[in-house]
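There are two complexes below, and they share chain A, which is joined by chain B in the first and by chain C in the second.
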Partner chain A sequence: MSVRNRIRMRYKKRDIVVALSLAISMLALAMVLNMGGLGILPPRTLRSLARSIVINTYNPWNTTLTSYSLNAVSAIIWDYRGIDTIFETSVLMAAVTGVAIVLRESHKGRKPGGQGMSIIVKSSTKIVMLLTIIGSLALAVHGHLTPGGGFQAGSAIGATLSLVLVALSLQFIHRIGIDKDTLLKIRYTVLAMILAVALVPLISLVLGYSYAYILQNQVREGSYFSMPSKFFTTPLAGTVFVFNILETITVASAITYIVLTVATYEGKTEE
Partner chain B sequence: MEDLVSIAFSVAITTFVINMIVGTYGIFVKHNVIKKILALIIFSDSLNMLSIAIGFRIAEKYPSPPILTTEPRDPRDLTQFADISVDPLPQALVITAIVIGFSVFAFLLSLAVLYYKYNGTLDIRTSLEVEENEEGFQ
Partner chain C sequence: MLIPIVVVLVASTLSIILAYLTMVEKDLLIATIYIAFIGVLYTLIYYILMAPDVVLAYMPVSSILLPLMIVIVLKKTKRFEE
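On to the complex of A and B.
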C-alpha cells in the first residue's frame, strides 16, 4: 500500500470518528434543551439581574445605582461592566499590534495600486462615504439615547474607509491625511485618554472631597463624585457619552489600520 | 400564538446548535487554513446568535428593546418598561465578543498570510505528513 493511500485511509477513519463524536454531542445538547437545562425558552419574566439593570438604567428616584443612560446596553458596556470593556479595548489594540508585527514587510519606495475604478463608481463612493460617516457620528453621539454606540459607529467608519480603498485608491486615502503611522498614533493616544477618563474620579479622592471609585460615573454609595448627567435638558449619562466617542475613534482607526496593512503588504513567497 | 412562538424559538435554537456543530466539523476536518478560520467564524457567530436568543422573552403585546424612548416621569413608568423589555445583558456581552472575535480573526488571518509565504500553500498537510513521507509523492 502506498503512502498516499495510507494517509487517505487514516483521514477516512478520522472522519468517521469526528462525525460520530459530533452526532453524540448534538444528541447531548438536544437532550439538555429538551429537559429544560436552559430554562423554559423563551421566558415570560425577566431575570432578576436584568430586571434590576433595566429599572436602574435611568432612575432619578434611586440615585446611588443609576447611570442616567436611556440605553441600557450602553449603560452596561461602559458603566456597570466598564472594566470588562476597557480590557476588551486593550485586546483589540494587542491584535492590531500583532498584525503590525506579523505583516511588517510593506511597500516602501514604489507607489502601489492603480488609479481606482470608473468616474461613476468614484463619485457615488464619495457621496456614500460622506453620508455613512455622518450617520456613524450620529450613532456615536446618541449612543446613550438610541440603539448604537461606539463599536457600531467605529465599525461603520472602518468599513467605509475600506470601501474607499477599493473604489478610489490608496493615494486618495493618503491624500486625505490617513496614514498607517498616524492611525497608530491616534490609536495609542485615544487608549491613553480612555484610561485617563477612567481615572478622573480619583481627583476628588486626592483633593479630599469624597471617596471615589475607578470608572465611577454617577453618585455611588459613600461617594459624592459625579460626572455631568445632563447637557441643558438632554440626558448626557456622564462617562458613557465620552467613552462612546473615544471608542468610535479607537475602533475606526484599528479597522482602517488592519485594512491598510493588508493592502500594502508585499506578499511574495520566499524562493 | 404563544405555542407558535415557542416552536419557532426551538427551531431557531436547534439551528444555531447545528450551525455550531458544522463549524466544529469544519475546524477538525478541513485541510485549508482559511477554511478552518471560516469554520471558526461560523462557530463564534452561531454562539453569539444563541446568546441573543437566550436573552429574548415573551411579553404582553410585543417585547421591546432595552432602551427607554422617553424620560420616565414616574416610578411606574420604569416598572412598565421592565415588564416588556428584553434582557440587555447578553446584548452587551455579545458586542464585546464581536469586537474580540474581529481582532482574533484579523490576527489569525495575518498568520495564515505568513504561513502561505513560507510554505507556498495553505494546506496544513504539507507541513505535517508530506515532509515525513516525501518519497510517496511525486
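On to the complex of A and C.
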C-alpha cells in the first residue's frame, strides 16, 4: 500500500483543510502581532535589569555585585534568584512524594518479567547510556561556564535511565544498584543538603566574623563572607557549582523514581 | 539571515498542523508519536532563537520522558479512543 493511500484511509480531506487553515491563520496573527497591530511592542534594546545582570555576572572589578559565573543563566537561577530555584526543587519533591503516596501499593505486586529487547538494541543502548551519562556529567560540572546546568543534566540522566529500563530489563536496573527506596532516600538527602548549603553563610554570622545573608555566594555589601570563587585558575562561582551538582542528583533520582514507579505499577484488577 | 526565519516559519506551521492531527487522531499511540515530533520542532525553534539552556532542558523531556509516560499509561489502559 502506498503512502498516499494510507494517508487517504486515515484522514478525511476535511481534516487536512482545517489543519492548514489553522496554521495559516496563526501565521497571519503572528505577523500582525510582530508589526505591533495588537499592542505596544517591547523595545528591542537591552533593558536596565538585563544590562546590569549581563555586566555583573563575571566582573572582577565590581566585587559586591558579581557572582564569578560565566553563564548568566546559571548565575541568575542559583545566585541572584536563588530562593526561587530552591522552592522549585521543593515543588518537584512534593510531586515525587505525591507519586510515592498515590502509587504506593505497587510494591506488593508480583515480580514483573520481561527480558528486554534483542541483543543489538541492548549493546547499542549500553554504548549510548555511557556517552549520555558522561555528557550530562560534563554539563553539570561545567554548568557555570557553558549553557546547561543542574536541571538539564539531571533530566538527561533520568531520560537515559528510563531508556535503559525500556531497552534492557528491570532486572538490569536492579543489578546496577538502582532501587526505588534508594532513589527516594537519595532525593530527600540531597534536598536537605541543598538547604544546608544555603545556610552555610550563617556560620560566619554565628562566629562573629561578619554579617551574612542566606544563600550568599560572593562578597556583598557590608559582608565579607565568600564562597570559593576560583579553583586554581578556573572560575568556580562558589555556590553555583555546588548547587548545580546537587540539583543534578536530585532531578535524576526524582525522574528515575517516577518512571520506575509508574512502569511497575499494577492497579487493582477491577473491571 | 533569511534561512533561520524560513526554518522557524516552516517548523511552526508544521507544529500547528501536527497539533491539530494529534487532536483528531483516534489511535493514541500515533498521537504520541505526533507529540514527540512537535517536541523536536519546538527544540529546533528554541535553538534558532538562541536559548540553548531551554533546548538542553526540553530535549530529554519532550522526546523521551513525555512519550514514555504516555506509552506506559496507554499500556495500562486503552489504546484506541472511541
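Note that in this section the second predicted complex is superposed on the first by the 222 of 271 C-alpha atoms of A that agree within 3 Å, B and C clash if a C-alpha of one lies under 4 Å from a C-alpha of the other, contacts with A are read in each partner's own complex, and residues count from 1 in each chain.
Please note the rule applied: a contact is a pair of C-beta atoms (placed from the backbone, for glycine too) under 8 Å apart; a residue touches a chain by one contact, two chains touch by 3 or more.
The model shown is predicted, which means the values in this text are computed figures rather than measured ones.
Engineer: What is the contact status of A:A263 with respect to chain B (first) and chain C (second): first, second, both, or neither?
Structural biologist: A:A263 contacts chain C only, not chain B.
Engineer: After the superposition on A, what does A:L139 contact: first (chain B), second (chain C), both or neither?
Structural biologist: second
Engineer: Examine A:D15 and indicate which partner it touches, taking first as chain B and second as chain C; both and neither are also allowed.
Structural biologist: After superposing on A, A:D15 lies in contact with both chain B and chain C.
Engineer: Applying the touch criterion given at the start, work out whether A:N59 contacts chain B, chain C, both or neither, answering first, second, both or neither.
Structural biologist: In the superposition, A:N59 contacts chain B only.
Engineer: Thinking of the overlay built on chain A, is A:S48 touched by chain B (first), by chain C (second), by both, or by neither?
Structural biologist: neither
Engineer: Could you tell me if A:L27 is touching chain B, chain C, both of them or neither one (first, second, both, neither)?
Structural biologist: second
Engineer: Of the partners chain B and chain C, which touch A:S118 in the superposed model: first, second, both, neither?
Structural biologist: Neither partner.
Engineer: Count the residues of chain A touched by chain B and by chain C, then name the partner with the higher count.
Structural biologist: So, of the two partners, B touches more residues of chain A.
Engineer: Looking at the overlay, what does A:L163 touch: chain B (first), chain C (second), both, or neither?
Structural biologist: So A:L163 only meets chain C here.
Engineer: Once chain A of both complexes is superposed, is A:V96 in touch with chain B (first), chain C (second), both, or neither?
Structural biologist: Only chain B; A:V96 stays clear of chain C.
Engineer: Counting contacts the way the document defines them, which residues of chain A are shared by the two interfaces, the one with chain B and the one with chain C?
Structural biologist: 15, 18-19, 22, 26, 30, 73, 147, 149, 151-152, 255, 262, 265, 267
Engineer: So in the complex, the part of chain C that touches chain A is made up of which residues?
Structural biologist: Within the complex, chain C contacts chain A at residues 9, 12-13, 16-17, 20-21, 24, 52-53, 56-57, 59-61, 64-65, 68-69, 72-73, 76.
Engineer: Help me check something: in the complex, which residues belonging to chain A touch chain B?
Structural biologist: Result: residues 2-4, 7, 14-15, 18-19, 22, 25-26, 29-30, 33, 38, 41-47, 49-51, 53-55, 57-61, 70-73, 76-77, 81, 84-85, 88, 91-92, 94-96, 98-99, 102-103, 146-147, 149, 151-152, 235, 251, 254-255, 258, 261-262, 265, 267-270 of chain A touch chain B.
Engineer: So in the complex, which bits of chain B are touching chain A?
Structural biologist: 5-6, 9-10, 13-14, 17-18, 21, 24-25, 28-29, 53-59, 65-69, 71-72, 75, 78-79, 81-83, 85-89, 91-92, 95-96, 98-100, 102-104, 106-107, 110-111, 113-114, 116-118, 120, 125, 129, 133, 135-137
Engineer: What residues of chain A sit close enough to touch chain C in their complex?
Structural biologist: Counting only chain A, the residues touching chain C are 11, 15, 18-20, 22-23, 26-27, 30, 73, 139, 147-149, 151-152, 155-156, 158-159, 162-163, 166, 255, 259, 262-263, 265, 267.
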